[in-house]
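My questions all concern the structure below.
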Amino acid sequence: MKVGFIGLGAMGSAMASNLLAAGHAVTVWNRSAAATEPLASLGAKVARTADRAAQGEVLCSMLANDQAVREVFLDGGLLDAMDRGTVHVNHATISVALAQQLAEEHAKRGLAYVAAPVFGRPDMAAAAKLNILVAGQSAAIERVRPLLEAMGSKLWPLGDAPERANVAKIAGNFMLAAAIESMAEATALTRAHGVSAANFLEVMTNTLFAAPAYQGYGKLIAEQRFKPAGFALPLGLKDVELALTAGSAARVPLPFAGVLRDSLLEALAADDAELDWSALALVAARRAHLDERG
Amino acid sequence: MKVGFIGLGAMGSAMASNLLAAGHAVTVWNRSAAATEPLASLGAKVARTADRAAQGEVLCSMLANDQAVREVFLDGGLLDAMDRGTVHVNHATISVALAQQLAEEHAKRGLAYVAAPVFGRPDMAAAAKLNILVAGQSAAIERVRPLLEAMGSKLWPLGDAPERANVAKIAGNFMLAAAIESMAEATALTRAHGVSAANFLEVMTNTLFAAPAYQGYGKLIAEQRFKPAGFALPLGLKDVELALTAGSAARVPLPFAGVLRDSLLEALAADDAELDWSALALVAARRAHLDERG
Amino acid sequence: MKVGFIGLGAMGSAMASNLLAAGHAVTVWNRSAAATEPLASLGAKVARTADRAAQGEVLCSMLANDQAVREVFLDGGLLDAMDRGTVHVNHATISVALAQQLAEEHAKRGLAYVAAPVFGRPDMAAAAKLNILVAGQSAAIERVRPLLEAMGSKLWPLGDAPERANVAKIAGNFMLAAAIESMAEATALTRAHGVSAANFLEVMTNTLFAAPAYQGYGKLIAEQRFKPAGFALPLGLKDVELALTAGSAARVPLPFAGVLRDSLLEALAADDAELDWSALALVAARRAHLDERG
Amino acid sequence: MKVGFIGLGAMGSAMASNLLAAGHAVTVWNRSAAATEPLASLGAKVARTADRAAQGEVLCSMLANDQAVREVFLDGGLLDAMDRGTVHVNHATISVALAQQLAEEHAKRGLAYVAAPVFGRPDMAAAAKLNILVAGQSAAIERVRPLLEAMGSKLWPLGDAPERANVAKIAGNFMLAAAIESMAEATALTRAHGVSAANFLEVMTNTLFAAPAYQGYGKLIAEQRFKPAGFALPLGLKDVELALTAGSAARVPLPFAGVLRDSLLEALAADDAELDWSALALVAARRAHLDERG
């Protein structure tokens, strides 16, 4: 299939390379051009502008946040430049409000729109093992299914309204943050009573909580290894604020999310912006002044 | 081995039956005698008083809470009645403060004391698949190891000080409560935006959160099936208050536990005491008045 | 002095009438023209457009929120239409971020800018008893001092940077919300133990909390009289979110504000949008299911 | 009247001296005898034991907490030693549960029991300006009214059930803690945006919050003067935990109290136990790392 791909961060690059590996004709574009080179060497065509990348049947995008999506697609005019009938597959984690607005803007212009946010880090993207949440018109989803299957190990359909995939992604990231905070508080409690984080988390992550989320972040917390960040604290705050905003719009109180927001702000106030969000464990330990204890 | 077992609720009965199955000579006692009958039919000797059950090399106990342990062992004088050198294996989920006090009271009397709280519900106890946290003097632990191995699939040693096993159990139950609340809030958010709890939790509990804790409680939440309770709300409140009390004693703030306490109280104020603690999902939905929506 | 006044809600109308009473030549404008009539009958000149109201030495504005201020002054082009040297006195409760942006936009165009948000309800505005927070260049403040003194009983200078007056106003409204919530929770607690809200609040608001904030809202809570709203719940949510956003921008955790946000959302989810924000007491009582008790 | 007074801390001593000043015959007792001397010099008779102090018509007590009250009256046997018909006026801030138990224990022994906790610090006690909450049988209250009027400026009757006075006192102290926390968070927010705590609180405590609670603690926060403590952090934690326990017993969620508990624990974890509870402002500033900012 003739596909464009824009947004070539660690995630986007890995995803685009899997489209190439599956034999699709991929044209890539990225704001800073350097990121296009590895893909070019794998056979991608490099577009000089975003709209030149958008001339295939399908355009996939993996941009960083609401602002980047707005700048490229709305303010930057890319939507206006696309041919009627093109399918846009948006992989970004964006707000529910923007997802709704994009659905309308695409419809107005006769463009098909599929929201397809993903769970998984760059290594899983590279291994084509992403879990992909999908929402949009079923005809459009069917057209892009081969692409999604080339990038992920499993598709999770969530209905016609694209924002449903986004709210599920936001709620999932909130659950991740809550899992980290619960380990942060639990280990602060056990440490204060003489049980190390490593010993305690070994039990938990091999029994009741034997799941990737707990095992991955539990290991970082046990080893107090918060650098380099797999997912940095400011991104965590962004995602928790997406949950709070979606909750506010729909009148849903989210007390855990409120606690998470404060803990993330506290981490950032300590100038820990470059740390992984599992550094919420540092915040919990600091609140209890554990490292100053005997 | 000659073993006594007191406290024959669903958990204790299943555990004692596995001791019998492993060929140990077990004498049982329970406050209400009816619970002893099934074990008698499996070969247990039934003691008329607690101290008659405590005349073997080892006494295991699985009582409901601090109050029951205090009544039997301290106020009821059982500790005073036991022979020097006997090992007491306490499986109950009790407070850190009581655990510390019991360690002292046993030591004073020349009794060995092992804390061995467990993770697992009655069906896992019946299948001898409990995860058993163990703390106490290593010589005492070695003596009772065959018993523990007859009841559980895995032992998790946590050092000499018995209260360490208890704080780990308390912190683990806090993590369970937090997992439930995070699903409760996340599904309130997705439901308000059109994604059912079942659809959302199917994704999460098969991917990042593919762990027993999330799959078990996630299923109950997806199906809104809170009766009969596997673990009733008042027990959940008791355990969260154990965490808060342990935190208070050691000056450890636990903001998630504070939220959990309020949500559990709200559930109980609604007269939902007989429901499973996964009914925290009802509280989150009620706060958002979801069931009154279109 | 020749003054324009735009934004003639209950507050703005009362403030403008005091400028008239003090002998100033006031030209008024309001989006919906009906609000101009009472002022016209008091001697105000009615402008057909916002920029015609902005042709005096000073322009006062009292608009509802960020969006209204943005629409009139930035998107609507009013700033571009004003003569260099004019002083704009902005009485609205707006975000810190917009306050900073406005300061820059005025400076660029050679306009003086004074932030002057107020504490006080319409009856205090009518009686010229507002407390006015003031920040901006001192020369500009001196020029408009006679106007401010005609509208308020006291000016509270907070320095050169206009946003300082806004953050103080936001923090003050947060304190009001917190005072209401603390009465809401305290009376839920006393009611559950047999002491009525009226009896309890009579003690508190005549002793330690003998202040306008507590006496005013305490009376509404004691009498469960939440309609008509002096300050409706959605406005309360808006202001608490201004505090949270200002906190987020400056990395300041605000746990009480997080609780307030959730309680206000819960009130709104119950379709109580038309109630006064003292109806936080309803939320606290509902959480404890007090009205279903004996 | 012939009155005993036990518990001669700063509050009790000042209260007893006012009974002497009003012409009553006062016999005093205190665990550590040194505290009795100043009262002896004012004319008090000094008892060698608590029960010798309890031989008048009325016994007033002002002990530190539940534990002290339990030790003297229940475990220490003072209730058993008192003559039928004696009125015990208990001024201590105790738990609702103990208040209920004491009411029963007095009734069993034919003793009258009046709960009379107070609002006011030692200087107000010395000036006989306390606000006294009173609950108990009205006949008993009438008998002790002259004593209460000698110690306070105003009595606040709250009904027959003694625990009602205690729950009101607990709820009132919770409101004080919430007022401090709200100033702590509000000033963290304004400071981060360039408005000093002193400037901001000057506005608030002279306008909407012109009440003793805000003016007193606001001054300490503005001046960052947390030593010597008027009311130390551990006492604050004790009182917030009384509120939480009373809430738990009656199934009343108290989210603000949960936040307060954590902030107080955080202060104590920082080894600030000797500071006044207005040092909650330190905690809020530390969370935002304000003092490390430029």
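We call the chains A, B, C and D, going by the order they appear; numbering starts again at 1 in every chain.
Note that a residue touches a chain if its C-beta (ideal position, glycine included) is under 8 Å from a C-beta of that chain, and two chains touch if they have at least 3 such contacts.
Note that the structure is a prediction, hence the values are computed from the model and not measured.
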item: Reference chain A; chain at largest CA-centroid distance; value: D
item: Between A-B and A-C, the pair with more C-beta contacts; value: A-B
item: Distance from the mean Cα position of chain C to that of chain A, given in whole angstrom; value: 38
item: Distance between chain centroids, defined by C-alpha means - chain B, chain C (Å); value: 52
item: Between chain A and chain B, centroid-to-centroid distance (C-alpha), Å; value: 37
item: Of all residues in chain A, the ones touching two or more other chains; value: 247, 251-255, 259, 262-263, 265-266, 269, 287-289
item: Of chain B, residues touching chain C in the complex; value: 255, 262, 265-266, 269-271, 287-289
item: Parts of chain C lying in touch with chain D, wherever the complex brings them together; value: 96, 119, 131, 133, 154, 156, 158-159, 161, 163-164, 167-168, 170-172, 174-176, 178-179, 181-183, 185-190, 192-195, 199-200, 202-204, 207-214, 243, 246-247, 250-257, 259, 262-263, 284, 287-290
item: For the chain C and chain A complex, residues of the former touching the latter; value: 237, 241, 244, 247-248, 251-255, 258-259, 261-263, 265-266, 268-269
